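Next, two complexes with subunit A in common: one pairs it with subunit B, the other with subunit C.
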Partner chain A sequence: MSDKKIRLKILRQDSPTKEKRWEEFDVEWHPRMNVISALMEVQRNPVTVDGTKVAPVVWESSCLEEVCGACTMIVNGRVRQSCTALIDQISPNGEPITLAPMTKFPLVRDLIVDRSRMFHDLTKVKAWITLDGSHELGPGPRQAPENQEEAYPLSRCMTCGCCLEACPQVNDHSNFIGPAAINQVRLFNLHPSGSMHATERLEAVMGEGGVADCGKAQNCVEVCPKEIPLVDSIAQVSRATTKHMLFGWLLK
Partner chain B sequence: MEQKAATSRRAFLLRKAHSLTGIIPVGVFLVEHLWTNSSALGGRAQFDHAVDQIQKLPALPIIEVFGIFLPLAFHAIYGIKLATEARPNPIAYVHGRNWLYVLQRVTGVLTLLFLCAHLWEFRVQKWLFGMTSGAFYDTLQAHLAATTWGLQLYALAYVLGLGSAVFHFGNGIVGFCLSWGLVVSRRAQRVVAWSAAALSVGLFLLGFSTIVFFSTGTRLLPTGQSALEPPCPESK
Partner chain C sequence: MAQAKGIRSESGKVRRVIVVGGGLAGLMTVIKLCEAGVPVDLFSLVPVKRSHSVCAQGGINASVNTKGEGDSPRVHLEETVYGGDFLANQPPVKGMADAAPGIVYMLDRMGVPFNRTAEGLLDFRRFGGTLFHRTAFAGATTGQQLLYALDEQVRRFETVDVEDEKGIVVKGEKMVRKFEFWDFVSIVQDDTGRCVGIVAQDLKTMDVTSFPADAVCLATGGPGIVFGRSTNSVINTGTAASAVYQQGACYGNGEFIQVHPTAIPGADKLRLISESARGEGGRVWVPKDPKERRVGRDVPEGDRDYFLEAKYPGYGNLVPRDIASRELFLKCFHEKKGVYNDKTNKNELEVYLDLTHIQKDVLKHKLAGILEIYEKFVGEDPYENPMRVFPAVHYSMGGLWVDFERSADGSLVAGSPRNQSTNIEGLYAAGEVDYQYHGANRLGANSLLSCIYAGMVTGPSMATYRKNMKTSGYDSPKSTFDKAEKRERAKYTDLLKLDGKENPYGLHKELGDAMLLDCTIERHNDKLDKVIAKIDELEDRAKKVNVLDTSEHANRGAQFVRHLNNMLVLARVIAQGARNRDESRGAHFKPAFKDRNDKEFLRSTLALYKGGEKGRSEVTYVRELDYNLAGRSVHVTDSVDISLVTPRARKYEQAGAASAAATGALDGKESKKSAAATPSA
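Right after this comes the complex of A and B.
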């Protein structure tokens, strides 16, 4: 074992009403360590660099393979999943690593935020396919391979919140729904069965805080860990909503 | 239910209108304005002729108020509201497009400040203090050639105002195309972005050579007309 140490600088807060504070911890380096395993070290021995014993730092994580989005936080000033933030990559020469909770969601404690607004946004845009019925509906319409190819990358969204965190238009002065939910509008309107409710989804993002609030900063597509073409989705939904605005009232 | 949907669509329609007014009529006016002014490069007679042609347009006050001033005022006021809602983060997320997002808001405000000064300099003087359109050329020349503390501050402010306006217009074209869904694919976005950038640079050079001509007398762009002031083609 080497005696190499990793310094973690963590922005902590005991509850939404308490003061924020930075605390620093030194943890022992292990091969192939990631931010989560470093946080586990802190949990085992929650003593700061100046020797004070403190309450262990809390965080959220689940899959540990960048498909659930639970461990999303701000690592060295940039939002990402902490499970794939490998220590040797983000701190190759033992540089201190800063960890902070996302800022666009209500804080729960330390590195945990409440992302339920994203779930609420999914319900707003009806990000599902209505299949319930009391009788046999038969097989659904077939999906063209071309359509599948367009839809697959969009379907990889894990609702992690990176795109909302990096978006300058998502903040406490606006109620912009953000790129993730708009991408779901495109995804479900592409689907042969989902498109049966296309107008409802478009109208959901034509209200206050809808797709028109996009500021074209395009940070979303830069930070998306699943490399979803979010800007193209926003453009696609903008096109569909523009058409609906201009011609929808002429048709019915 | 109908009523509720209608009220909540307000923000959507205002955003669309804001995007559209930036191109038509404000952007179109910007191009026309820079084009007309560049006629000064062909000499005073050409400039006065171009100004005169505009003054002779039928229903000019109506065009000016409803075609330019009101859409411009809406674009400016709603634009300031939008700018105050932004929380830029270009230091944490260093991406070209993110910087353009910040610059779009900064140049919007700078252009508005320049425009207020510019309107005071000519428009208000003409409306309220009896300046005639024939005096535009001399006033421009006097202001742009003036030096304050050894610097041509007027001319510098004009270059900054021009730069802000053409950047805001060029980047605004890209925003408009995305907002109205005219371009969707990544490739189309790139084509529009580079075309808009080329248009911005072209407009900047056109305006810049006009400013340089008024402030120093140097012609950066070749003109068909000689500097020897041929008579204005006024024969009808």
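Right after this comes the complex of A and C.
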């Protein structure tokens, strides 16, 4: 229906031990096309621009509507979800589109990386309510609408990894836990029953690799696709840990 | 042999059960099992936090009646059964409706940030098929928030030690072990056919491995991707359900596929715009003039056709989804009155879904999640412009057939091992993958509820089964597992050798196109015959695919070929089931058979797999079946348990028609208006 083509430049790697290489593909343009549908076109015809048949590019994706966090990658140099990367917006005049995997996580293959550290960090900060059980115990604590309005945006974190990718403090030489997990500390410490275990969560982000390692670059809040106030969360948790450090033993 | 007892098998291993799938149903099953002291291995295609449940937007139903409207679980039961056109077995629905308030309270205690009223109580909004405010919600990303809450609880169980029967900690064993990025391949069955484990594939190393289990629960979601593009996540291929169906599990009501009326058309996916948009007052319309060239917001009120409100004054924009989708299809496809597009010079398959008359801060507070999706993917501001939407395949009411045991009060017997059991002993199913709760059409905001309720039932049911079993699955002969593993490895090796000319992704597109066009909103027998012929053709061509990728590391090509083959098998169950059912009921609509036919078709469709000629799949439909459970034979038929609400004609023109309480008022010839104002009357 159209002879307009999209050029994709993709950084590929068969496995962590293999060489990196760039491959280029041309795919037909469609209305409302996004990076994922362009990659799907590559699957249907996995031939590079120089005519070489190759294995289709692999990537991670699930919901395709930016609520699951799976399809995060580096699109034209910026970390983001590839499902919301609309071709007409990122390549308005047919410029080539570059796709690369995130760099702060171990590579699996092509555009897939291993983000399991983020889930381990959720365990580390005890990002949960310690429930007595799932049996019927009546309603939860009453909460003012304002509480919900503060908690809900924090609770939309999809563990996508953008904030870690953008954070200069997250690197090979540091154990910094990163903004996402710290934000969860704030979220659960806000909740009436969650706050009963606030100290444990604060202690999990004190010391090496904890909240004090934040370098205040504020990149996290720039790249967060859900516009979570990550800098506020870090500041609040930081204050709470300081308070706990200074006066915690008095309150015990 | 004596009864299998204690935490360890005879060989000394900790006896676990396996749950496959980490959406709401799977996670709830895990939580219930852990609370019953049963250790679990949890397998998932993706990190469980990325499961398809995240996509649910609008909310979860529970008749808490905080608005003082006279709502009750009884009315919820009646409206669910009526909405489902009387095809659902009623005892499980009663169990679900009764449990719903407790479920929402539990989620509240888990920290779900539900919207609140001024008094600090949970807020509720309206959804389709009811006149009551029954739907609790967290903005417009309720599914995400519920999934996260259960995910957090399961993560907590990953840190909890297993204890033996005396309460002594078993070193090095945690209650939950997660296997993420693993693809379910098949179940392992012993000589009697009992399910004693699974075979799964690690999607990084591509290793195919068998795992023993005392019982297995599939909570693997629906098969939306069979239709190519839908509102479903790309992982929803139905591969696991298809695999166990091919191993003998019965598939129920496969032909009942829900098409959601309002989604955004897209090249890769049709993105849902939740029913909650209409629950909060959104209105559906098209311009009266089919050649209307003004943009939506400039068309004056008098030039708009609010066709749902006109035809269904009682429920208006909140008629059930099957009805709304048919009306939209009629408007756009048959009457060609969809929104006119200047550039293409035609009436597009689109109608307006309009929220612009509602205050911006209300929208932000209650619907921001979906409006953000519209803004990001369409590039228009839905606060200022009516959205343009069209129906899309959304949900499967059908799924693996599961049993239930009815209690004296018409609900479920708590902890009965029959509840949620498939016809393969030791294999359970919960969530969208089961066929149990929605009959011929699901009401909005009942899916999150049915997933969690099914998990709450399945956990105790599996725990009872495990407690009563004579021998642990762990003590089945090693050869049983070796044989299964060897079989599946060989199949995988064969996949890697496929070097034909067909592109598997291309075949999938053809399958999706055929199913979408002729097996969704309107079904005609001649066209269904063509769909079935197409499936024959695609099954033949699928044998000549090229695997495209022979890598031994993170190979997605070979995995996709496996899913494609499984999708073709399920597509046949869906299409053939639709061909056979010559009536119209809920989401299944045949213009040639416009009426519901209770005499012939008030029954579940029970499909069993049969290998056919030339390597094609075949379906056998049965009226009854027997299965073994814990040493006894259970006989079941396809008749529907209608013991609680008597079937009657399903009509949504009049307010209150869906619930008996309100129908009573209508029978008394009260005006529609008063029935609407006091739905409990």
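Throughout what follows, the second predicted complex is superposed on the first by the 244 of 252 C-alpha atoms of A that agree within 3 Å, B and C clash if a C-alpha of one lies under 4 Å from a C-alpha of the other, contacts with A are read in each partner's own complex, and residues count from 1 in each chain.
Assume a contact is a pair of C-beta atoms (placed from the backbone, for glycine too) under 8 Å apart; a residue touches a chain by one contact, two chains touch by 3 or more.
Note that the structure is a prediction, hence the values are computed from the model and not measured.
Visitor: Pick one for A:A217: touches subunit B only (first), subunit C only (second), both, or neither.
Guide: After superposition on chain A, A:A217 lies in contact with subunit B alone.
Visitor: Considering only the touch criterion stated at the top, classify A:I234 as touching first (subunit B), second (subunit C), both, or neither.
Guide: In the superposed model, A:I234 contacts subunit B only, not subunit C.
Visitor: State whether A:T199 touches subunit B only (first), subunit C only (second), both chains, or neither.
Guide: Neither partner.
Visitor: Of the partners subunit B and subunit C, which touch A:T48 in the superposed model: first, second, both, neither?
Guide: In the superposed model, A:T48 contacts neither subunit B nor subunit C.
Visitor: Once the two complexes are aligned on chain A, which partner has more residues of subunit A within touching range, subunit B or subunit C?
Guide: On the superposition, C touches more of the residues of subunit A.
Visitor: Figure out whether A:E65 sits in contact with subunit B (first) or subunit C (second), or with both, or with neither.
Guide: So A:E65 only meets subunit C here.
Visitor: Tell me which partner A:M33 touches in the superposition: subunit B (first), subunit C (second), both or neither.
Guide: second
Visitor: After lining up the shared chain so the two structures overlap, which partner does A:S134 touch, if you call subunit B first and subunit C second: first, second, both or neither?
Guide: second
Visitor: Can you list the subunit C residues touching subunit A in their complex?
Guide: Checking each residue of subunit C against subunit A gives 28, 31-32, 35, 46-47, 49-52, 54-55, 102, 105-106, 108-111, 113-122, 138-139, 141, 144-145, 148, 152-153, 155-156, 158-159, 180, 204, 233-235, 265-269, 271-272, 365, 369, 373, 376-379, 456, 503, 505-506, 509, 548-551, 553-554, 556-557.
Visitor: Quick check: in the complex, which residue numbers of subunit A touch subunit B?
Guide: Against subunit B, subunit A makes touches at 77-78, 166, 168-169, 171, 173-174, 203, 206-219, 222-223, 229, 231-232, 234-236, 238-243, 245.
Visitor: Would you pull the subunit A residues touching subunit C in the complex into a rising list?
Guide: 14-15, 30-34, 36-37, 40, 43-46, 55-56, 58, 60-70, 83-84, 86, 88-89, 108-110, 112, 115-116, 119, 122-123, 126-131, 133-140, 142-145, 147-149, 151-152, 155-156, 158-159, 188, 191, 193-194
Visitor: Quick one: in the complex, what on subunit B touches subunit A?
Guide: Result: residues 5, 8-13, 15-16, 84-89, 92-93, 95, 97-98, 100-101, 174-175, 178-186, 189 of subunit B touch subunit A.
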